[in-house]
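Two complexes come next, and they have one chain in common, chain A, joined by chain B in the first and chain C in the second.
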Partner chain A sequence: MQILRVLLLRLLTTAITLAGVAVIVFFVIRVVPGNPIAMMLPPGATDEDIARLSALYGLDKPMITQFGIWLSGVVQGDFGTSITTRQPVLALVLGRLPATLELSIMALVMAMILGGAAALAGTRFRGGRTEGAIDVANGMALSVPDFLWGLVLILLFGVLVPIFHISGRVTPSLELPFTTDFYLFESLFRLRFDLWADIVAHMFMPALALAIPLAAIIVQLLKQSLKETMNLDYVTLSRTKGYGETRVILREALRNAALPTLTLVGVQFTFLIGGTVIIERLFSYEGLGNMAIDAVINRDLPLIQGIVILFAVIFTGVNLIVDLLYTVLNPRLRHG
Partner chain B sequence: MAEAKAIDGRSMVRRRAGLRLWLSAGWLGLLCIAALLAPWIAPKDPLAQDLFLGRMPPVWVMGAEPGYWLGTDSLGRDVLSRIIHGARIALMVALIAGTITCVIGATLGLLAGFLRGWVDLVISRLIDIWMAFPPVLFSILLIAVLGPGLWSIIIAIVVIDWTRFARVVRAEAMAQGAMDYVASARVAGRGRLGTMLREILPNVLPTIVVLLTLEMGIAVIVEAILSFVNLSISTDQPTWGGMISEGRASVHQAWWVLVFPLITLFLTVLSFSQLGEGLKDRFDPVLR
Partner chain C sequence: MSFLRVNNLSVRLKKGPPLLRRVSLQVAAGDVHGLVGESGAGKSMIGKAVLGILPPSVEVTGGEIWLDGVDLLSLPLAERRRRIGATAALIPQDPLTALNPSHRIGPQITDRLVDILGWSRADANRRALELLAEVQIPDPDRVMRSYPHELSGGMRQRILIASAFAAEPKLIVADEPTTALDVTVQKQILKLIAGMQARHGTALLFVTHDLGVVSKVCQRLSVLYAGMVVEDTSVADFFAAPRHAYSAALLAATPKYTDPAAGLQPVPDAVIAQVRAEVVAFDRGAAHG
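Coming up: the complex of A and B.
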């Protein structure tokens, strides 16, 4: 019953949060100077044309009415029509979402591999030069944000040793047989390893830039909890059984040390997704974030609204899942 | 970063922390001097264009033009002078935006954590809503509303980042509020406001100072990101972000236009955060 109550309470706060986001974004973007309708029309358009088009998009009504119309649409899954492309916002946004999701997931996997490996190495060789070097590198990774790592990577692997692509999602001249927008997964599924390699070569640097700060957080936390676990009695016991140090860390300590790290990774993952906005811009990667920045520049109000709401849904959704997993996985909270 | 040989031991940890603190303070001090004296120490006019001197490499590379130490950009403007002048905007944003964010965020956090009740409820809900926005997109949106300019950037940073302070200070104030010394202060006759300002605030102040240094580093990055998206300050004011944006576009023709502002920005952000970490160690009674 405890879980059910926690779940209901969390669902309620999530709903309040999303409603708050919807209200703020709707009214903030209506203060944006620059008439989007005037920007759409050719220079010779008359005031009458502008008024007619404004009426078409509902922009001539009072703001409260506009909000009501928009909200009732959103509830029915209709996010309005993009002003610049004249396509439904939902279709546009869902078309870009897979690219951003693939990038975020790839970054998450990279961060876990990188961070996990560094934390294990630091624990295995603790007190020595290896740990010192890992700590220094980690301090840097922790304090410098993804945007700067992206630029550093562009210089290293795009200019100095050009082995990866610095812009785009796939090489434009390639013919894509895909039916979904999940290029990375679908190319694997169709066993088109040539395409898969091309996609990875495009994603590698933006994903790594996003992964570095998260990897640093993983190292910091996992190393700390591994260190604490290594002093526990059961670990000492398995040492006396004659197991080697590496085996003790991997088979005995890691299992217990991983839970606190995993819950934190969940929360940090939302920050990583937020970072995709500027990283996609930096690498001209055709995802949601890049589309969002273009939408702001073009004053495409319905599109901006749709993207911000989608991001908010993703953020609160990830947080919700992490909270629930934590409640389920942590026996103390379950019976509390 | 030369001292990789970490020996376990408190004195070593302290010495490393001390060195870190001095190195970062040194770099930031250098930047302050550069910003204050920019018109006198910059070798060239940062805005002077010379199309015959476009994309000249730094002096140690073949084909360089003497006097342009770090090379020129595509319009023939001196990279070194632009970095020196760019320090002005960067530091101004860091100091002003950092301080205002700190005051507003810490006040709200303190109120929520100490007063609890409906104040806490409202502020916590607001924090939740703010955390559901992607921060970079939010700042770009705000600049679109406010229009480009120094004050728009500062306002955008304050509006977005107050939650960083509010969240941490709220939790700290809550923890402090549950302690015995607070209860005894109330018993001794201090009012609520007095207890908050005289008892709780001094105890969370170290945390606030550390957060403030970190926030200054973040503010510099936000300014660079906004310049990168071309939404920051007018183009006749040299900024590191604007230089980076231009350098990114011509990275294959002139790497130096990207590399030098990037190194400057990198060291600055690293210094602010290392300063914060160093201060944290100083305040930590276990290490002292």
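Coming up: the complex of A and C.
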């Protein structure tokens, strides 16, 4: 019951948030300098040409009328037509979304595995050299931004020891039997491990670059709350029951210590998705972020609007999932 | 043969002052041994040392803890934990913090039976239900499936008592088990622990600052001051004629509910000075020895 109520309330606030985002993005990109028509016509085009093309895309109408036309389309699931590619925005954006989702999820999983393992090791061997080494590595991971990690990885594993691909999502010469754009998941589903390995070899470095800063945040938070939890009475009691220290950490402390970390990971995960814009560019990865940069360069207004709305949907969706997960993991919140 | 024998146990803060000064005591199988003293006298510290849960800021500097014929301090950590888990148990002080908030009650009673002693889950569940009935918890089936936050403090302490007796340990350390409870519940819990102890024949190390409780449940007691045992005697002798001046003052300081006009009697300064002098003399002797 509780979960259902939370869900309904959140859907309502989500709708309001998205409406706000729609208004802001629509007007801001029309106020800033730059004009899509000027980008499309060759130099020397006459004023008449410009007026004709503007009329074609409805850009000659008052801004508020343009907004009305766009919004009524959006409500019916029509996000307009991309000015540069002349294809429906929704199809373009949804075609790129799986690539970015797969990259973000892979980065998140890497961050949780790396961060979780380091936090557990640091707690198990607290006060010793292992913890010191983890703290030092952590400080480094935190102080360098994701795109610099991307460059470092390209140098290390793309140039010096070329074991991963540095650009693209999949080797272009490969035959792809996929019916969806979720290459990573579909290759697994179809048991095509050869393709899966190729896709992972492409994703590994961009995903790792995105994962390193998030992993560092996870280590810091999880280790701190694990250490606090390790001094609680129920943990002490379980020691008297005969459990070894590793099992005490995993059985008694981890679940309770993970709760505060989880909320933060949710927030940080949205930053990670934001980070895909630059990382995708760096690795020429054909996702939403790469498309967003092209759209901005070409002043492709409908496409920018579509991408921003989609990012907003993803962000609010991630926050919703985190809240629900929190309710599931913490039994005290279930009967509110 | 005593089931628990502590010999000359010394504990101190790491690179700091001593917390226990060559403490010795013996608890025979099935006996109830009280540990009394003021706050900070080290009574809980003895219980923690016996169960191997001294805080990391503290170190053992000497002595032996013999549990069921084995010196615990000579064992490696994992082995020590297993032995303690199989033969001893703790009834903790605060029932509100001693149960894991994200596990159900059932597994928290049966975990030791299944994981450490290798019982089948079905046997362990049957045993847990029996124990919950024995500690007079209504509807044990439902309680097994509950989370700690759904139960009252008194209920949780009953559950912790049931859990302590689950593996039929030979020794239970009860660390001020009624301090955190309502006065009305304290008496019931005390009676419950005493009854369970008698039925199961478990030796009990009872940490308390309440001499009234000691007179009701214990056979022997150790009086502690500043980590030193000032008197180790039978309860009957203690209440008839305490030998040490500090013990006598402690006894006199216990409020007498039968005579409200008597007021409170603090431990006299002269007695404090005397027992402090003994501690100083002990430390000087230890430094030269």
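In this text, the second predicted complex is superposed on the first by the 290 of 336 C-alpha atoms of A that agree within 3 Å, B and C clash if a C-alpha of one lies under 4 Å from a C-alpha of the other, contacts with A are read in each partner's own complex, and residues count from 1 in each chain.
The definition used in the following text is that a contact is a pair of C-beta atoms (placed from the backbone, for glycine too) under 8 Å apart; a residue touches a chain by one contact, two chains touch by 3 or more.
Just so we're clear, the structure is a prediction, and the values are computed from it rather than from any experiment.
Asker: Taking chain A as the common reference for superposition, should the pair chain B and chain C be classed as clashing or as fitting?
Answerer: Fit.
Asker: On the superposed three-chain arrangement, identify whether chain B or chain C touches more chain A residues.
Answerer: B
Asker: Which partner does A:F125 contact after superposing on A: first (chain B), second (chain C), both, neither?
Answerer: Once the two structures are laid over each other on A, A:F125 reaches no partner at all.
Asker: Touching A:F67 in the superposition: chain B (first), chain C (second), both, neither?
Answerer: neither
Asker: In degrees, to the nearest 10, note the angle that opens at the C-alpha centre of chain A toward the centres of chain B and chain C.
Answerer: An angle of 90 degrees, rounded.
Asker: Once chain A of both complexes is superposed, is A:F204 in touch with chain B (first), chain C (second), both, or neither?
Answerer: So A:F204 meets neither chain B nor chain C here.
Asker: Is A:G244 touching the first partner chain B, the second partner chain C, both, or neither of them?
Answerer: So A:G244 only meets chain C here.
Asker: Could you look at A:L329 and tell me whether it touches chain B, chain C, both or neither (first, second, both, neither)?
Answerer: The second partner, chain C, only.
Asker: Let me test your reading of the model: by the given contact rule, A:F178 touches which partner, first (chain B), second (chain C), both or neither?
Answerer: neither
Asker: Which holds for A:D233: it touches chain B only (first), chain C only (second), both, or neither?
Answerer: In the superposition, A:D233 touches chain C alone.
Asker: Is A:V136 in contact with chain B, with chain C, with both, or with neither (first, second, both, neither)?
Answerer: First partner only, chain B.
Asker: Examine A:V21 and indicate which partner it touches, taking first as chain B and second as chain C; both and neither are also allowed.
Answerer: So A:V21 only meets chain B here.
Asker: With the superposition applied, I'd like the minimum CA-CA separation between chain B and chain C in Å.
Answerer: Distance of closest C-alpha approach: 11 Å.
Asker: Report, in rising order, the residues of chain A that make contact with chain B in one complex and with chain C in the other.
Answerer: 127
Asker: For the complex, which residues does chain B have touching chain A?
Answerer: Those residues of chain B that touch chain A are 1, 3-6, 8, 125-126, 128-129, 131-138, 140-142, 144-145, 147, 217-218, 221, 224-225, 228-229, 244, 248, 251-252, 255, 258-259, 262, 265-266, 269-270, 272-274, 277.
Asker: Name, in rising order, each residue of chain A that touches chain B in their complex.
Answerer: Against chain B, chain A makes touches at 13, 16-18, 20-21, 24-25, 28-29, 31-33, 127, 129, 131-133, 135-136, 139-140, 142-145, 147-148, 151-152, 154-155, 158-159, 166, 270, 273-275, 277-278, 281-282, 289, 292-293, 296-297, 299, 304, 307-308, 311-312, 315-316.
Asker: Which of the residues in chain A come into contact with chain C in the complex?
Answerer: Within the complex, chain A contacts chain C at residues 127, 231-234, 236-245, 247, 251-252, 255-256, 329-332, 335.
Asker: Hey, which residues of chain C end up touching chain A in the complex?
Answerer: Residues 51-53, 55-56, 77-78, 81-86, 88-90, 92-94, 97-102, 111-112, 115-116, 147, 149-150, 160.
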